[in-house]
Amino acid sequence: MFAGAPQYIVSGLTQGAAYGLIGLGFTMIFNTTGIINFAQGEFVMLGGMLSVCLLGAGLPLPLAIVAACLATAVIGGLMERLTIRPLAGAPAVNAVIITIGVSILLRGGAMLAFGKDTVALPAFSGVKPILALGAAIQPQSLWVLAVTLALLAALKLFFSATIQGKAMLACACQKKAASLVGISVARMALLSFAISGLIGATAGAILAPITMTAYDVGMMLGLKGFAACILGGLGNPFGAAAGGLLLGVLESFGAGYVASGYKDAFAFIVLLLLLFVKPSGLFGKAGVERV
Amino acid sequence: MPAANAVSPAPPAPLLDVCAATVRFGGIHALTEADFAIARGSVTALIGPNGAGKTTMLNAITGMVPLTSGDIRLDGADIAGLPPHKRAAAGVVRTFQNLEVFTSMSVLENVMAGRHALTRYTVAASILRTPGFRRAEAACREAALDCLEFVGLADEADTPAGDLPYGKQRLLEMARALAADPKLLLLDEPAAGLNSKETARLGDLIRAVCDRRHVTVGLVEHDMELVMAVSDHITVLHFGHPLAAGTPDAIQANPEVIKAYLGEDE
Amino acid sequence: MKRPILGQNAAQAVLFFALLLAVPYGLPNEYYLSICILGSLNAVIAVGLNLLMGYAGQVSLGHAAFYGLGAYATAICTTRFGLPIPVGMAAGVTLAAAVAWIVALPTLKLKGNYLAMATLGFGIIVSIVFNEAVDLTGGPSGFVGIPRLALFGHTFESDHGYYNLMAVVLTLVVLLALNLMKSRTGRALRALHVSEKAASSLGVDIAAHKRFVFVLSAALAGLAGVLYAHYLSFIAPASFGFSFSVQLVVMVVLGGMASVWGSVAGAFFLTALPEALREFEDIDILVYGAILVLTIMYLPDGLAGGIKRLSRKLRRTGVDDARS
């Protein structure tokens, strides 16, 4: 019955780590601005596509990836400056539509710049699988998990040890109070978009050797990331990461044991059931909408 | 029970009778075994220091907060188990401390929305604009205009409600609640944010609601001058429990009440 | 006051109907007519979605699913089961409404982003079913051979005939929406949008009203789906996915929340826009995205809101002129 379970866990965790990172990006932006950024998935796409493109232009792989991630962070910052900030005070649904518009723009731009082909980034350290615990583990899977953990640790440090990180947490708790003690909420919004861009692009780059990438992979990845952060409890960055891992594993098992065609549906069915039973998410505080 | 009770004449059959109401949020007791009655045809105020549980009492009566235990009767009928909209239909209508005006609608539409439970026609009738629908809408409109007239907002009928100044939005909420033809109108700090002139007019209006429209009024208010001027009866809450009840004069003379208020530096 | 023979809503609807009937005579060829048919199908959904989103304030990112349920239900009934077209159509609308009725209760308890996520998830699940239930739906390659619409012995062969039918349907839907919103139900929906607390304190059954408007908007989407299937006689899951749900929301917001006419305008505009951008070839998607972003940035309350503000400004300057 559970033949292949270790394999499913490994592939689920790998995919789930990416969902988690995307969810993390959603949460960063949501906490400082209250906006659900539907362009988050495009950051992921940009991370992968820009890496491939820069590699093709002759940059060594590590440099190409770093440059791609930084470029995406800049794009994230630009997005906030040009489209989100001028919108201050508009209804939330307008902001959501703006982010959808930006995602269409980024996707269209990527199609023009990189073409419509599906491309792959070479694996960081070969493709010879490592056999362990009854599963064949791709070295790239280890890269994905390691980079995810490193990013989480870095973020933890950022939130607890830097003044910018603490300011961002303060914004998430109480925007008005934060601005009263001299924190620039606008700068935090900019920073959160840039960091989200960076995280999303990193997820895209480390995932690209495994799942390949193309100009249009962003939307589904973004939706899964959104699901991950709802699963973990909207507003809780590390909950989002955990939600992503869980989502990845669930999907992997669903695809393996039930029907692979319905792989994408599992994530959302579980999500709906959770929303109906405990809308605040697995790790969220109770009381979604206080009266 | 406090001595003040002996002074006030016990109302024969109260319109609203809250018995031993307890409301707990997590570990906090917002109300503990609180009794509260409103006599038919009276203006009855519920006062108390901040955090005494006045708004919780109002929320419990209107069904916006569930009772942990206790009993709420309106005209003898148990309403504690009803959802808010059914309590409204039964005749308990309220206003809100932080204004809850329907800002996207006109002043008149706000008040017509207040007649929701009284305007009866089917969805099909409203789509087909049947004669019955037209009659009911015309009656609804007339009643709404009458309520606007009563609070002095008739000239603003077509103004978008969100454009009204703060004081007039308070009046609008009152008109909207009156439009529902309540048996019991509960006002949650209606004078909050009003200047002294507006407050005086509000006092006259509250009396008129009771005396001219024969609607029983329950009043939660911080402005003691207003409370003393308009109330027939006052109940004082302290830490979620009734401290005293009686006429305004008796309450003002009650040493326990004075202590509770001075202790809180009101 | 003397009451006119036609109410204001009915008079507007009659004018609108006349305008719709006149449109084909101004079009250069049949191709544009088919765009108008698609535009009016989208307008039917957008008007319904606006009742839910613009008036009652409940976001749905999954309305394409109801459109698809209507289309697939009638397709399957009229071909696989060999049922008459009117039965298939009724089945389509009923299925969309019934599914909405079931989904509504747990879903509409949620608010804001959670409601958005739940409807989005629902829409994606349904579209995956369209893709994967190959035996029933034909899978990703689509469902062919749906009969062209025939009602009361009349087959709508020509696009012009179909367009006239759509003009009737759209006019009736618009009139339904206008009339419904100017009634106690409409007031209750707009009230609960602003404050559920206050609405319930006035006797509005929040859950029942939300469910009603959700089911109504789903039924209208189902109706459009039915008419879409019998118009194209071919349907594929790609037409009923997340992208289309998003497009529908954009139609509503672009047209103007809580404006029936805005939704009609938004639907026609967004249906025609990609066609108009065809000549830009590859950059059409870029232009589309840019128009979307810019419109929301500079017309935050949509076309209807922009026009309203403009007319108010004009009126106000008029008053100022009169005063000075």
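Lettered A, B and C in written order, each chain numbered from 1.
One rule holds for everything that comes next: a contact is a pair of C-beta atoms (placed from the backbone, for glycine too) under 8 Å apart; a residue touches a chain by one contact, two chains touch by 3 or more.
Here the structure is a predicted model, which is why all the values come from computation and not from measurement.
**Q** Does the chain-touch network form a line, ring, star, complete graph or other?
**A** Chain contacts: open path, no cycle.
**Q** Which chain would you call central, comparing Cα centres to the global Cα centre?
**A** Of the chains present, the most centrally placed is C.
**Q** Taking each chain's centre as the mean position of its Cα atoms, how many Å separate chain A from chain B?
**A** So the centroids are 49 Å from each other.
**Q** When the centre of a chain is set as the mean of its C-alpha atoms, what distance in Å lies between chain B and chain C?
**A** About 41 Å separates the centre of chain B from that of chain C.
**Q** Would you mind pulling out the distance in Å between where the CA atoms of chain A average out and where those of chain C do?
**A** Centre separation, chain A to chain C: 32 Å.
**Q** Counting only residues that touch at least 2 other chains, which ones in chain A make the list?
**A** 291
**Q** Which positions in chain B touch two or more other chains at once?
**A** Residues 64 of chain B touch two or more partner chains.
**Q** Could you list the positions in chain C whose residues touch two or more of the other chains?
**A** Within chain C, residues 197 contact more than one other chain.
**Q** Along chain C, where are the residues that touch chain B in the complex?
**A** 7, 10, 175-176, 179-180, 182-188, 190-191, 193-195, 197-206, 212, 258
**Q** What part of chain C is in contact with chain A in the complex they form?
**A** Against chain A, the touching part of chain C is residues 53, 59, 106-107, 109-114, 116-118, 120-122, 124-125, 128-129, 131-132, 197, 242-243, 246, 249-250, 253, 257, 282-283, 285-286, 288-290, 292-293, 296-297, 300.
**Q** If you look only at chain A, which of its residues touch chain C in the complex?
**A** Those in contact with chain C are residues 30, 36, 83, 86-87, 90-94, 96-98, 100-105, 107-109, 111-112, 219, 223, 226-227, 230, 234, 259, 261-262, 264-265, 268-269, 271-272, 275-276, 279, 288-289, 291.
**Q** Would you mind writing out the residues of chain B in touch with chain C in their complex?
**A** 62, 64, 83-86, 88-89, 93-94, 96, 100-105, 109-110, 112-117, 119, 121, 123, 126-129, 133, 137, 140, 176-177, 180
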